[in-house]
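The structure that follows is given in the form of structure tokens.
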């Protein structure tokens, strides 16, 4: 679950949201990863037992880089992985490669976001741990990728598996109902990446439960 | 004091460094502001009574922005101000304007970094609280701006004061000895912006004391 | 007149459009500057006697920069000036400063685009030859800045003139009728920056004439 | 041959350099592609019978984009292909994908530059016509990739061929002598990408001949 920079997932509300995710995870046994903002990482990591991801890290070693985000810093905050190249924080290709390597060296789980099947296949060659396809035109719309573009998901899986048999494949964008999740899994993904569908929901816990329960259908 | 992303100023070491700054500040009565990495902001703000700045914020309202840094998030972490447009994190002109306004709305102190006198004068019109001139070619060199380019500092003060009589004016780049600081103040600045001179020093506390004491000469 | 990258102002059609502007200029005695795409600069400069501007140049000296645009190259193509920091091609503040200086050294007329009065005043300090205010929310809308935001124009003039008495001040965004131009001049500007209002018009020559005639009302 | 933005390959000197390349090409029968600056494309394309490439194009359709480079504009200038993602003009991954597709739609030959074997393999999935590996640390050094990092070249070929059997594979960076070229071909590349080795040479024609002759050894 990507917290983005919504008001509903900032500061104290980030911790509350993470606790709801923890409760839904414990009740259902479904793995939920939370990705809060940089400033909330340490507090969320302390508050819950869920795996915590950063939303982005920069392709840098420790040094003279003001206002950037280095791998060691997020690790010290309790982070175990990172999103890379989210459509709202895209990177140059060489930097995606560098950050995936950096994550590997630092024992951080790398989750590279992609926008279509061929880009997903390209990324598969960089050996990230997770690939998440999110057609940008569907993000935040409530129109689920799994229903609106099922072939984008299945083509991604097919192309990625030709060159990479171990990366976890997720999909995201527009997921707002439990059914969207169960369809995504039936298409062959191993999970989903969600944001506004939960963060902006009136009752995030209920949606989290619905999503988690739907993984078992 | 800008912590940048040095190994010496990350995580636990960020807190230790901030405590040394707090000690030097309390012993000398000199104001010291610390600017740790995003991930360390809340822990440093809890650990010391010094004012804490962010190293950067993005020109965004809360919303669907992954991997970015919003004003409300740094405020909730205990931050009271922010660096803007550091030479290692430069912004487009319209974004500097937007972030200075945003900081004003959020009661965050805005400190815009500039690279020369005419850019400083340009920034003065955007009404930030603090303007800090740092010739980028001297950053991290140990060659102090106050000694190598005193006219850059005095020209900045002269040009800025023509259009803005309230902004605090700092200078930075290459400051490594107490004398560099006292010269900077004699040139007319109201403080200094330092990073590697302290963070990378063998004994940061001693340098901090030397810098703080030099403000009184 | 900014040709942007419209189909109507590319290649041969750029030359035809420039010739219409030349005719309108000769018939009315009104100065018209044309700013075609990089690839069309030399052919347009050969085809017409109007002053030709580039739409952008990079803050670089000749050297190892692939895919960038250097001052000497546009000069050799017959260009006499350049737009800088158009809202569709924004620059970091230090780069605006560098490009304005570079243009000065190369005897190129510098026209810096700005988005609001305070940014215009900031730019005035960098001493460009021309400042053009274009509220980005009006660009391409057909809603003229001179009518929708007259105070943005008059405030720009007032603030700029406090620190700079020689820069030519233009305004742009949404200008589509002759009246928009005459109002702009009555507000105190010395000309206008237009694009889609002419380029996308059914009959660009007629609109050009209408605009040129309106400068005399 | 990438002209970059060197003084030696700007304006009239771009045409002279292209004519030297044309002479070397005709005398030896070796294919030479020239990639001048945007502003020189039409004049070079008129002056010589060699294939002319752009150094970069933007991922845009015709429209309201100031200071950018669109596919139709370079085509009208006589261009038949384009470099993409040169290490001095890197693109986001999704933009590389978009530009390769755009080039395909416009019948432009796409040549994507890469920095290492795994990035090359990633790019192979995007189906460009040409892939050129150039380790950035060797560019402009005179230390030839084919001699300093032969395994980067052979690993690239091996990885690319697993997923793409038709893309032409080039290598570049540091090539300054004919021997560098013949070694590159022996490693399995189908050509080389060169810039300063020729552009900055005292006698570019002689080096061009030496390079062209070396392809036959």
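Every chain is named by a letter (A, B, C and D) in the order it is written, and numbering of its residues begins at 1.
Heads up, the rule we're going with is that a residue touches a chain if its C-beta (ideal position, glycine included) is under 8 Å from a C-beta of that chain, and two chains touch if they have at least 3 such contacts.
Nothing here was measured: the structure is a model prediction, and the numbers come from that model.
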item: Same-residue or different-residue interface between subunit A and subunit B, half as cut-off; value: same
item: Computed distance of Cα centres, subunit D from subunit A, in Å; value: 37
item: Centre distance in Å when subunit B and subunit D are each reduced to the mean of their C-alpha atoms; value: 43
item: Rounded Å distance, subunit C centre to subunit D centre (Cα mean); value: 33
item: Set of subunit D residues in contact with two or more other chains; value: 87
item: Chain contact topology (line, ring, star, complete or other); value: ring
item: Interchain contacts, given as pairs of chains that touch; value: A-B, A-D, B-C, C-D
item: Subunit C-facing residues of subunit D, complex; value: 2, 4-7, 10-12, 37-43, 54-56, 60, 62-70, 72-74, 76-77, 83, 86-89, 139-140, 195-196
item: Subunit B partner contacts - residues on subunit C that touch it in the complex; value: 85, 87, 90-94, 96-97, 114-116, 118-119, 121-127, 159, 162-163
